[in-house]
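Right after this note come the structures.
Presented sequentially are two complexes of subunit A, the first with subunit B as partner and the second with subunit C.
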Partner chain A sequence: MATEVTRKLCLIGDFGVGKTSLVNRYVREVFDDRYLTTVGVKIDTKLVPVGDVTVKLVIWDIAGTEEANAVYRSYLRGMAGFLLVADGTRGYTLDNALKLKQSITEQMGELPWVGLLNKADLEGEWEVPADHPALLENPDSWLKTSACTSDNVQEAFEQLAASLA
Partner chain B sequence: MQHYPASVAELAVRQYAPLCVRVGLDWCVQELWGNPGHYGYAGLQQGGDLRDAELAFHGFEFEPDESEHHWPFLATPSGMSAHCCVQAVDDCYVVTWFEADREHAETQKIQQVANEVRILSYRRNQLMVQLQEAQETLAKQEQELRLANRQQARFISGVSHEFRTPLSSILGYSQRLRREAPLGEPIGGLDVIERNALHLLGLVENLLDHGLLTSGQLQLSPSSVNVQALLADVQQMIGHVAEARGLAFRVVCADNVPAHVWVDEMRLRQVLINLLDNAIKYTKKGAVDLSLAWAGNHIHIEVSDTGPGITAELQERIFVPFSRVGEHDGNGVGLGLSIVRQLVQRMGGRLELKSRLGVGTKFDIHLPAAPVRGEASRVDTRVEQPVVVLAEDDPDLADLLSVYLEDAGLMVLRVESARALLEVAVTSRPHLVLVDKNLSGMGTGFKAIAGLRDEGYQGPVIACSADEPAEAAESALSVGADMFFSKPLDCRATVAACLRLLGVEE
Partner chain C sequence: MSAEKRLEALRAALLETEQRELEAIKSDLDKLRAELDEIRPTPEHLAPLMAPALDLAQGAQREEMAEALNAVVAEGVKKSVHADRESFAEALSPAIGISIRKAIAGALKGFNQAINQAVEYSLSPKGLRWRLEAARTGVPFAQLVMRNTLPYALEEIFLIHNETGLLAAHATSGEGSKVDSDAVSAMLTAIQDFVRDSFSVGDGQLEEVEIGGRVVWVISGAQLSFAVVVHGTPPITLRQDLEQLLIDMHAEFNEQVAGFDGDREPMAPLLEKMQLVVADSLSQARDDASSGDEEGQGKKKPWLGILVLLLVAASLGWFGWQKWQVGQAFEQARLNLIERDDVVLLDWSRSGDALAAKGMFDPLLGPLLAADYLPAEFASKAQWQFAPYRSALPGALVAEKRELWAVPADVSLFQSDGWVAEGRASLAWVQQMRALNLGGMLAPSVDRVEVNPDEVQRWIDERMVTGVSARLEGEVLMLVGDVSYAGEAVLSARLQRWHREQLLLFSEVNAEALNREVDGQAKRLSTNIQQQKLAFASGVVMSPQGWAAMEQLADDLNEWLRVVPSAEEAVLVLYHHEEGLSKRRATKVKELLQQRGVPESLIRLAVQKQNDNAGMAVVTLKFTYGALKAFDIRL
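Coming up: the complex of A and B.
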């Protein structure tokens, strides 16, 4: 019988970068291009087999923010890893995501993470340069994703799940 | 601590539907208050693991010295939003949910607008940056275009000058040879020389005009134009061509057309000749007609023919530069009608084409042209032998013009420099001065005209130049010339103009 472990992961990033859409695509396989801002937190779960282990991902979709204030940090309690999400068509959301990551690391120590440059289907409006220092520093940690086309969405969650197993 | 009145507790329950669960440190439910089903925890009961009902508690631990933890706006399994609070009390945890659906909806509405505004604001700023970049690019391209246009204009002007000067001599001397030949005796090759020189001149003129029109550098030089004189010139030029092709050529001018109108004579003449020449070229039998009418400060010009007509498909194509259509297009490069339409538009008018196959074609032009009143001769017609100073440093052309002027009964004083011109003007008080733009130096002739006017010379001054005509004409008129002729000079027309300005009958 396969071992099951439960791991809490959070989606971290600015508002409007597509965190909820990524969860909806991954958990429910649906996509809606209308923007509906998240207030507070929504929690979903998904089982991911990783070798002999089944990882039960408890996925926290937290309202977007530019900075990790006390309320934001209250949602992160118990987090095992996180998906750092930026909108590739708004370059500043990557910078904000990196600041969030730094703040979280200072508070909670180093945790497994995967970076997502979302909205890859909008290539014509892309603003994040391929030679952005953060991408060059950890090239294997970043994926270009699209909740719209589902490109790399499953891969992103499973890559993080593998590091949490 | 005092207990709240029962009514307050009831109110709180009604408003916030609190659910309270006491669990052990292993998250096993010990006691429940409220309705778990309201939040989607219907299966929650004593002895059950709270973490199975609510995923939020997976991995949760209090930090040292912490006894209370809040999760505002936690989405519960029923889809309801609740504020959730966990308290560490003795050896157990007390978890409480308060319904926050209404607050969530209101917060969500405000946050949604705020976020959308921020995203739109960002997009707007990005567009502003792109717009600014596009404007800078456009400005740079415009600057490059202007430079290219200036270079093109200089090139065209230079080429034009190089062609016109020798053509002046070729055409002038061929005309003189024809005039001096015994009556009725053919001169071998003269027709060919004239025809080819005129053809070459036509091509140069068309290319020059096309260049100026497309680069937006064509300048108009409106002046008082004698309408009847213009029509007479046109009739003289076109009449014999039509006659040679066996066509009738009629010119009709309505009585109400003013004697003098304010237009660019050279460009109007060019439009008429181009249209008439074209009409004659394509009409095998019948007639070509030119009529002028006047209405509301507009000349209405109509050029019609009894030619084969133009198909609807070709009616727009014939105005496209370098498009040669039809079987009788001769040796042109396909610029004539394109230039005509652009000139008419440049003069503020409009050109319409009506054509019926097998019946003929009609070009209608409506051209704004203010009437000029009180036009009068400036010269004393009682002079017995008017004196003309001819300031021309090209000896071939000076020789030729002298012959024509003297033949017309005028006394010619020739000079080759600006200084000599000013001296002769003072000593001889000529009745008319004919000046080339460049006398042993760029623009020296026109400077001399300005000098003459400064000295008080009031006689007529005719300027000429082989430079780009519109610019040279404007320059000449601005320094005080009364009339401008572009080279190659039509010697007969130049002499006729001299006589007209002097008030002498031809």
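Coming up: the complex of A and C.
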């Protein structure tokens, strides 16, 4: 095994759940509000040491989730794993995320993933119950994150990186 | 026997058999050779052996065989082309067609490039300098352009894994670019996908991008692609060479290519090949560059920093500015749309100019019309399906309340310990809000709403009783004019209602300047009453004049009670002596007045101490009343 490998990972989830903010937080440690490129993808990279290997994450932040859209599917092509992001203050974003995950699994097979319930700083508006079936099913795969306070952001990316090394 | 002879004899004895066999084989071999010389192999003999024989041929043998076959095959092809051109062309076209097309396209591209540059340079300062130089030296301008533009440098080659967009190898001519080559690689892949999806131009491949004096070529292979960054004008053959290199690499390193998973170590031999090409072009370029291009290798780093950003615009430019703008217009519309907090976008799909947008919006936060978001030519074609819903956003709540209470445009509405309206509004609206609040319905406080004073005055004027006018001074309602006592009653009731229902806000009524008929009436009546002479004829029987006076007194008292509201303060005193007829007469008058409807409370009997006119036949009276309250209404 080489000492450095590169891996493609994608952020999957509804518009506005905080994908871009999470990447910005992780990659640059700056909380930047809105970022969209014309092509609907923003790419960042980050080196993560995993054991004696360094994984270079090539992070694809994709705007929108139009599943029917061919270009959306082509953006996912070849990813080694993905972060599934939902907004904890809007329960339906979790349902949508689970649907996306399902269709990804159908098309690309089982891939390593980590689930993020983002906006954990907004406790008062929290909607997703702790005993949501999806969370009970894979308790270790879900993290409550906040791009606002940085909570669990690095952990989420690195948990996924560890399963991609 | 010598020792030698003995050894010979021993050997003969020992090897005799072998010797004989050897001789037998020799003669067999001679015979076989003779036979073989006579045999001529027929095709039937050879046919089954050809294929295995060709397969078995190895190394030098194989080469010999190829050489031997070469002339024959060439001759054969020549003959068959002559004999059956059609089917031969058909058989070859899949292979040759592609290369021909590519070669022609490449050549045209190069040609165009040269022409473009000639045109461009002919107009630029540099071009003018060359023109002068051409005039001075007699060298043709075109030749000068070619000489000055030909130098090129192959700066970088990215080898990109098509499926993942990961960088498989990266060869550079210098220290490499500042930009993260892994990010460039992924971005280029994304752009390719985007371009392929967004434009149906040919097979939708982005092949070339020009940017800041560089050309970025994208050369696609089955599993790997090259992105090549060239500075200057490369020879046409460079692209072809790279296309070939990519094909060769696929073939030669099939295993590494197929197994690529983001680990670059196994790709080292591919990198080596790419590095060679770069180094090669570098030396070639250096040879050519002797004629001097001022912008040499020195300043080559910062440009890649903006490559990724500009690449988007440039690649789209390649496919048509127009289409890009269409895309931009739609994208801008989408961004504007989702700017609205209430808008929930459920679908946004576009094919060409036709858009299908679906979602929800809160009508309280404003209408959502395609025409407001899209240019007219697209708006009419768009399927624009937005269903209304209640968003419960703060803005929506305010909007909802504004609608509920018909808050005028000049009035702002906000929450601060309940709803508060502030601004300018009509009196009618303010009155309705006060009425809602009085009725126990939640309505905004309008204490901070200003109403035009002229409008208030008009409202008052329309409702004043004749002869009276009123004016609001702060919290005091000033009344002026003459008012009948009937009008006064009406006015009083009216002002009480205005106050009670807060149709006008005042805490006091000032009627000092109001001439009231009541005051005049009271004076007249009290004078009349005072003048009556209640004369008796004899005993308790009144004289005819006295009787008439009593009747008049009763009428006047009753009138008083009717017109003067503060009647309880008035009193009619009838005087009499201690005892006897005088008292009986006064009592009689009281009785007669009561019989005529005058309340007992109004009449009082009192003893007159003076005794000077004992036996008088007239009951003396006195009518008093307290100061009449100046227009007293209970607010």
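Assume the second predicted complex is superposed on the first by the 151 of 165 C-alpha atoms of A that agree within 3 Å, B and C clash if a C-alpha of one lies under 4 Å from a C-alpha of the other, contacts with A are read in each partner's own complex, and residues count from 1 in each chain.
Here is the rule we go by: contacts are C-beta pairs under 8 Å (C-beta built on N, C-alpha and C of every residue); 3 or more make two chains touch, one makes a residue touch a chain.
Every value quoted in this text rests on a predicted model; they were computed, and no experiment measured them.
Once the two complexes are overlaid on the shared chain, A:V5 sits against subunit C while remaining clear of subunit B. Of the two partner chains, subunit B and subunit C are each touched by A:I43.
Judged by the touch definition given at the top, the superposed model places A:R90 against subunit B, while subunit C stays out of reach. Comparing the two interfaces of subunit A, the one with subunit B and the one with subunit C have residues 6-8, 15, 36-37, 39-41, 43, 45, 58, 64, 71, 74-75, 77-80 in common.
Taken in their complex, subunit A has these residues touching subunit C: 1-2, 4-8, 15, 36-41, 43-45, 56, 58, 60, 64, 66, 68-71, 74-75, 77-80. Put simply, subunit A touches subunit B in their complex at residues 6-8, 15-16, 35-37, 39-43, 45, 58, 63-64, 71, 74-75, 77-80, 90, 92. Residues 161, 163-167, 180, 182-183, 185-187, 190-191, 193-194, 196-198, 261-265, 312-313, 316, 327-328, 331, 335, 338, 345, 347-349 of subunit C touch subunit A in their complex. Residues 55-56, 58-61, 63, 69-75, 81, 104, 107-108, 111-112, 115-116, 118-119, 122 of subunit B are the ones that touch subunit A when the two sit in their complex.
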